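Sharing a structure with you now.
In this document, chain identifiers A, B, C, D, E and F correspond to the written order of the chains, with residue numbering beginning at 1 in each.
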Amino acid sequence: MTALATLPPWLMLLVAALLVLGSTLTLLGAFGLLHLKSFYDRLHAPTLGTSWGTAAILLASMLCWSWVQDRVFVHELVIGLCVMVTTPVTLMLLGRAALHRDRAEGQPDIPPAPDRGEQD
Amino acid sequence: MTPDTLLWLALTYAQIALALAACLATLRMVRGPRAQDRVLALDALYIAIMLLFLVTGLRLGTPFLFEAALVISVGGFVATVTLAKFLLRGEVIE
Amino acid sequence: MEGVLSGAIGVLAASGIWLVLRPRTFQVIVGLCLLSYAVNLFIFATGRLVLGAPPIMPRGGFIDPTAYADPLPQALVLTAIVISFATTALFLVVLIASRGLTGTDHVDAQEREP
Amino acid sequence: MSRFLPHPLLSCALTLMWLLLTRFSLGHLVLGSAIALFAGLAFARIEPQAPRIRAWTPLLRLVGIVSVDIVRSNWAVARLMLTNGRHGARKSGFVRIPLRLRDPVALAVLAVVLTATPGTAWLEYDPEAGTLLLHVFDMIDEAEWHALIRDRYEALLLEAFA
Amino acid sequence: MTPGPEHLIIAPILIPFFAGALMLIYDERQRSAKLAISLGAVMAMLLVGVELLMRSKGSALTGFNDIGFYLLGDRGAPFGIVLVIDRLSAMMLVLTALLALPALIYAAAGWHRQGQHFHSLFQFLLMGLNGAFLTGDLFNLFVFFEVLLAASYGLLLHGGGQLRVRGGLHYIAINLTGSLLFLVGVSMVYAASGTLNMAHLSLMVPMLPEPQRVMLHAGAAIMGLAFLIKAGIWPLSFWLPTAYMAGAAPVAAMFAIMTKVGVYVLLRLALLIFGAGAGASAGFGAEVLIAGGMATVVFGFLGVLASQGLGRMAAHLVLVSSGTVLAATGFVLAGGPVQILAAALFYLLSSTLATSALFLLIEPMGREEGGIAALLALTADAYGLDEREENRQPEVGLAIPGSLTVLGICFAACLIVLAGLPPLSGFIGKLGLLQALVASGSATGPMAWIFVAILILSGFATLTGLVRVGIQTFWASDGAPPRVLALELAPVVGLIGLLVFLTIKADVTLGYMNDTADALLRPSIYAQGVLGAPRAEDASP
Amino acid sequence: MIEENLLLILVGLPFAAALAASTVPTTAHSAAAWVSGGLLAMGLAILAVLHAPIAEGEVLRSTLAWVPSLGLTLTFRMDGFVWLFASLVFGIGILVLIYARYYLSKSDPVPRFYAFLMAFTGAMLGVLLSGNILMLVVFWELTSILSFLLIGYWHQGQAARDGARMALIVTGLGGLGLLLGMVLLGQIVGSYDLDRVLASGDVVRAHPLYPLVLALFLLGCFTKSAQMPFHFWLPGAMAAPTPVSAFLHSATMVKAGVFLLVRFSPVLGQTELWFFAVTGTGMLTLVLGSVIALFRHDLKGLLAYSTISHLGLITALAGIGSNGAILAAIFHIVNHAVFKASLFMAAGILDHETGTRDMRRLSGLIRFMPVTGSLAIVASAAMAGVPLLNGFISKEMFFAEAADWHNGTWLDNALPYLATLAGVFAVAYSLRFIATVFFGPPATDLPKSPHEPPAWMRRPVELLVLVCLLVGIAPGLTLGPVLNLAAQAVLGPDLPYKAIHVWHGFNLPLGMSLIALGAGVALYALAGGRVSQGPEGPPLLHRLRAQRVFERLLLLFTWKLPRQLHRFIGTERLQPQLRLILLLALAAGLATLWGGLRVSPSPLETPLNPAFAAMWLVGAVCAIGAATLAKYHRFASVVLLGGAGAVTCLTFAWLSAPDLAVTQLLVEIVTTVLLLLGLRWMPKRREEIAEDKLRPARIRRLRDFIIAVVAGAGLAAISYVVMTSPLIPNVGDWFLRNAYAEGGGTNVVNVILVDFRAFDTFGEITVLAIVGVTVFALLRRFRPSAESVALAEAAARLEDTSLAHALRVPAVIMRWMFPVMMVLAAYLFFRGHDLPGGGFSAGVTMSIAFLLQYLAHDVRWIEDRLTILPIRWMGIGLVIAGLTGMGAFVFGYPFLTAHAQYITLPLIGKVPAATALLFDAGVFALVVGATVLMLIAIAHQSLRVARLRDRDSGGQAETEGA
């Protein structure tokens, strides 16, 4: 708690709130991941963590370090951008994979592949 | 309750909450049932750990955990993408 | 923390060892990975546990070595990580080749005789 | 210009990223620019065509809208989690949405937007038919989703990208 | 003393490194250019090795034991890494080069075309070996072990095929486990002593307090296990015959020294750290070495007798050789006379050269017709999908007449050396061991007598086994004599020539070994020398 | 001086002859024989010259140093005994050469024959002349090796090969025993000099090791001189060409054994142990040998057993060891050599001219070859001990010793009876030889029509028979003086001269001789016919053929037993080996730490953070999960492994090792990808393997589980003790203090890696390069199993769209990540020296950027756009790192000495310029090359399979140059 002791109280409170918000959202997401019944539902759960969960904690970190280091310290932005841009890729691939595997196994309640003629 | 202790408590709470999130994700990872569930859980685990890096860095007062967080955000992505692609195509590189 | 970390080393090592003794090549390689995690943590642990004081020095001035983590085990682990990564990769390729040539993934390249 | 700087926008962004990561100084500006230039050149090998952005204002508007949507849907989904899906009343479902959007970069932006807002998951895009299969966490009305995507996001993106 | 650092000491590492690295940049098809580079590098290594050997002999002033140091990065010991050249390491360097040259020439007859980047891998193997012989730092030793192991994996798999891949799988799995043990051991030693420098460690050991000494012993024991795996001690040696058999001939010939690296390290570390001056730690592990070494010899000669093919037999002979030196090391560590060590070193030299020659003989001896060309055609047919550059031109080179006679003479020479029959060098080594053991009989107890019996029996078993194979090959076959290239036999003849030379110059060599053994038993000279080695910065104004 | 040189020349002559003979052309029979014979004749001349000093009782010596430090000096020494023996060797050697010249056929490779024969002669001379007991062993073993080559001269025949091998193994084993015996003897005496040893009989006999020395010594002697039960190699050696048999079994080889017995009897003899061992063995051999000889049908077989029997006689004499016995032994050595050589040659002639050696087929030959027949009859009479022939006199002397010498033991009392019994059989078998071969009806069904041999083939026999007669009639005149000289040389100069006479009057020995003659004739007359009808060997005993017993034993001890034992104490399976390694590691830890491993009284404690503990709960679950799922759910196992790795990284970061965290993370990601790449080639495992549920498998798993748990607990305990034990001063402190001052960087870990211990990194990158190259080389020849190919097809059916189609949108983002990751790599690279990062992490990041592109697109698409030559990258990286290290040479510093400096640039200001950065650049290039190579090399296999599939299905045949 060495460096953070120099923070002004309002900032402390703000940072604390952000931390609680971010971690709670992430926890909720994880809870959903464990709790929800179908894979497609579970697919939504982690986005709580990757959206505001991450954003809040990054914001808290940025505020703290910028104060402590006495300059604008925003390299957390890079992480934020990375997470935001990359999460869709993973989820898109996973969703598609699940869809295809379910279709291959003939699971019910799965939308069929779009109709297409002979191609490729 | 000074802001000081409040921040400290918030940090501790955040750490525990994130660790708990990691635990829940791990449970899903172990439980499955399908491979895609496990990958999804791993992705969530990576995110939780990345956030834990940042929070722990704050709590320990050291900025040197940032690189690890950055690398895990990029690397975790590559790892899960690879796993997902394997599920999708049965091959990683074709 | 010491207790948790030593327990962690123990669990990683035990899982790794159990896998290394299994008959399937894939089990062995996963076991080797787990074992190398355990060993890396073990080497690291010989430098004792220090929180929030990575061996990154101020530029000049007096330095109290006890305030920082021992850098040498860290350097050793770094080298060990790289080397075990390389050899694990090689082992993987060999087991792929072995599977291709022998048609089985048994470590002895033939199924156990009953 | 385009031979040495095939992706000016990207190179600028990368220089900015370099400065974010390090510190603002002349030395780092020079070093960062050099690296960004090189990265841009390398990127041009796999993506020779820089994305053509017709207008910036729709994009800025999109950013604004999405920020609000993210907060809103975060709250919505979190509440659903805490209330156990309105005590079991929540229903999720698949929606197939036809898209007019064809530009890959624009589609990628749309994917980012849909993923970043909790509650919608991009499952499958069919390039031939131009349809998108979405999974919606809290499916109340399917038509509402068609409209939301078409008007709220797709329109702006169509405006922005050539 | 010449001013400035003596770069010659690091040359045995840098020469193969640069040769190997440069050849990576070259196109794979320029094999003759690569061969030339490779040969040149090995020749240079040999010259450097001989020069270092001459220097390490020292003069009366230095007690005939001149130790050279090389402070890498100009960092003084124990903080930086230091290379140390003394009589023992110089001898090992020369031995390595002496094995490498014939192996390389043999490979030039066709083996180097059997796979990719043979020459680079070969040079890296030499780099690893030389590094392991030179380094004075425990962790750096690990690194060089890995270099040589990695290269040996590559070389073992060179040419592909089911047998190699299978042998390689076991070899790699076991050595990976060994490497992990090495790491655990090293870190325990560091935890106990706070240093990685061998010399520094040797000075600290007598003064260690009890808890740390216990930790050091445990670390040393676990680390020792890793060396023993490499040295092929029973029961950690079961991987060895399959692996050595599987390797291509020139590779197997080079492998003859691989077990000796383990033996070398044990010899060096045991005498440095647990020598007579180590206080409460003196003689640590001696019994294990004695018993294990003897068991290894027994296992080796049983294997020789039980083998059907020459390859398996040769691999077990490697074990016999290794076990003999290990047991001898144990006896010396337990306080046996210096003569045991001297004789063991001589034996090591002679048996390594002989096993290497034997490995080179296996393939031409077992060859019926056609030679490498047939082999190449076969493998290319079986595995080549689109390797168009695997040119199938017939091997170039001179096929020698009367090949069977030359082969027979070479084989007989190997047999005589390995069985310890007179008059070649194997006899001298074994005689020296017997004399020293018998002389120390009362001092080292019944173990010495058991070892004497095992030595005699191992000679007999070797004789029996090899004669069986020799009769089968040279007397019982009625096929046409094999087509053998001069390039394939020249290296063997060269190695045999070396053995004959060693026999003639036995007294000089034994004298060298005696002084070497003497120096090994006085580790304080080594230790103080390393820690007092001057930095270039301090030397220059 | 001259004599010393002559001695050296004498030993060198046969070897020179061998060298000369080996160089003549294959067909030059005469040349080889002439050269060899000439050189041997020179030897005889030298011996003649040396006779004068020897007759004076002088001992000639000559020494050459070889390995003095081991006591191995080439000392040659000649006294009367050696002189006599050497003369015998040279004399018979020349005769054998003459004989062989006509005996060998045109098609035999003669240079080899003469070379071996001459080298063998040289070795035999070496045994005789060695004045150093170790050198004696050297020559002794040489005779074994060379006799092996001689016996196996006609190696096309199975009998020759077996005979040769058996001779080598038996005599070689004896030689090893002798070696040890001599080493011990030298140790007891304090010198290996023969003269010193010969003078130290009392010391030796009093030494506690005397029985061992004696046993080893006798093992050598008995095997060589074919004493029972080591006799069987000798009949087997009859497969050799007859000249070889004539030489080996008369004057050399077997005689080396008795030579040594006689020579060392003053040192090791004169004890009851010696008497029983030597005389006992000798008598047994004498009697049994003569009995068996009678029953052999093969001519050379009969002669071989007769040889064994006569050697037994000599051995028995040596065992008695009295003055008379030694003289008799020496005398009989000579006599036996003479008549046996002639007999072997005669047998060879018979074989040569009739085509068979079977006595049952030979008959009445005296009519066809009267001269040869007469010679053979005289020689066998000598063998039988008929008066007026040389054999009679020495046999008489033996009978005399047997009857007159006493030491009061039962064996001593039995000697006369046994001797007479042997004499009876000797007469009988000699008679059988003469009677069946030369008399009776002429043989009808011989392979060749018999006639006299070429004259020169018979000359040696004639000469030898003449000697038999001369010695037999006038022993005192012919051999008396030299025999006495020889006996003096053995027993000491004080030995009184013993005159040798044919006639001693009527005494007990004569009576024994007469009994033997009479009973022998009677025995043959009564049983001769039945012997010819009977089996090859005496009744009862013929079933127990020592040779076969030996072969069985040899098979048992050198093949079956070792095989079983080897299998029992070894394994070729991997799991037991790994289990052993781990068990031994456990044992090593337990043995050293038991009772000594204690937590320090004031342990270091870091306050526990619950989040950390919770994370390790995650880690442990992941690890255990990965372990349980690795068999049937490999994919899940990889995922869980990723989880365990991530927690490990977190731990590093938490505990002040950010560099480790970054590196471990990157490596873990690449490892995951690699494992997935490999997973594709593993066999599908959908159903449980039935065997896994069986009891043995369960027991195996339980055992391994226990090992794993114990080892894990052990490692945990050690790490706990280490972590909590107080810090000791270590070299790490120095690094912390000096990293910035000396290394110019603030990130001490990185400074260690690129400066203080850069040599480690130097080796480490070499490892990476090697592995990269190996992976490449191995996969060049990779051949997937058919099943894996089919698997890919199944996977393709699962997803029936093309890759570009499926990844249309995600690929965009993945492409755009490429430049971002490049910048990230640059970031990690440039900050390494001062902050976490460095060349390695930058390199891995860069290769992950490449990997991502390979994931997003198909290989052809990406390789048309990005050309990566990983091997070049690796080579260049290595060279950069190496050259940076060598740069220090220019300034007079050692390899890898780093140099850091600030350069001032306009506008920008101070810019750090460190050689370490250059070194790191090398590391970067290498890591990029190696990692990309590994990933892509494995990935390309799928491509190859696809191409293979295309080719097999006859689809679009594409020509493609990768």
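Following the convention adopted for this analysis, a residue touches a chain if its C-beta (ideal position, glycine included) is under 8 Å from a C-beta of that chain, and two chains touch if they have at least 3 such contacts.
Quick caveat: nothing in here was measured; it's all calculated off a predicted structure.
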Target chain B, source chain A, minimum contact steps: 1
Other chains in touch with both chain B and chain C: F
D-F against A-D, pair bridged by the larger set of C-beta contacts: A-D
Most distant chain from chain F by Cα centroid: D
Separation of chain A from chain E, taking each centre as the mean of its C-alpha atoms, in whole Å: 56
Distance between chain centroids, defined by C-alpha means - chain A, chain F (Å): 68
Centre-of-Cα separation between chain E and chain C, whole angstrom: 28
Centre-to-centre distance between chain E and chain D (centres being mean Cα positions), rounded to whole Å: 62
Multi-partner residues of chain A (each touching 2 or more other chains): 29, 31, 43, 45, 50, 75, 78, 82, 85-89, 91-93, 96, 98, 100-101
Contacts with two or more other chains, residues of chain E listed in rising order: 139, 143, 146, 150, 153, 157, 160, 165, 169-170, 173, 177, 184, 188, 190-191, 196
Sites on chain B at which at least two other chains make contact: 15, 18, 20, 22-23, 27, 39, 41, 60-62, 64, 70, 74, 77, 81, 85, 87-88
Every chain pair meeting the contact rule: A-B, A-D, A-F, B-C, B-F, C-E, C-F, D-F, E-F
Contact set on chain A toward chain F in their complex: 82, 85-86, 88-89, 92-93, 96, 100-101, 104, 120
Residue ranges of chain A in contact with chain B within the complex: 1-5, 7, 9-10, 12-13, 15-17, 19-20, 22-24, 26-27, 29-31, 33-34, 39, 42-43, 45-46, 49-50, 53-54, 57-58, 60-61, 64-65, 69, 75-76, 78-79, 82-83, 86-87, 89-91, 93-94, 96-98, 100-101
Residue numbers on chain E that touch chain C, as the complex places them: 139, 143, 146, 149-150, 153, 157, 160-162, 165-166, 168-170, 172-173, 176-177, 179-180, 183-184, 186-188, 190-191, 196
Residue ranges of chain D in contact with chain A within the complex: 17, 20-21, 23, 70-71, 74, 77-78, 81-82, 84, 92, 94, 96, 108, 111-112, 114-124, 126, 128-129, 131, 133, 135, 137
Contact set on chain C toward chain B in their complex: 51-54, 56
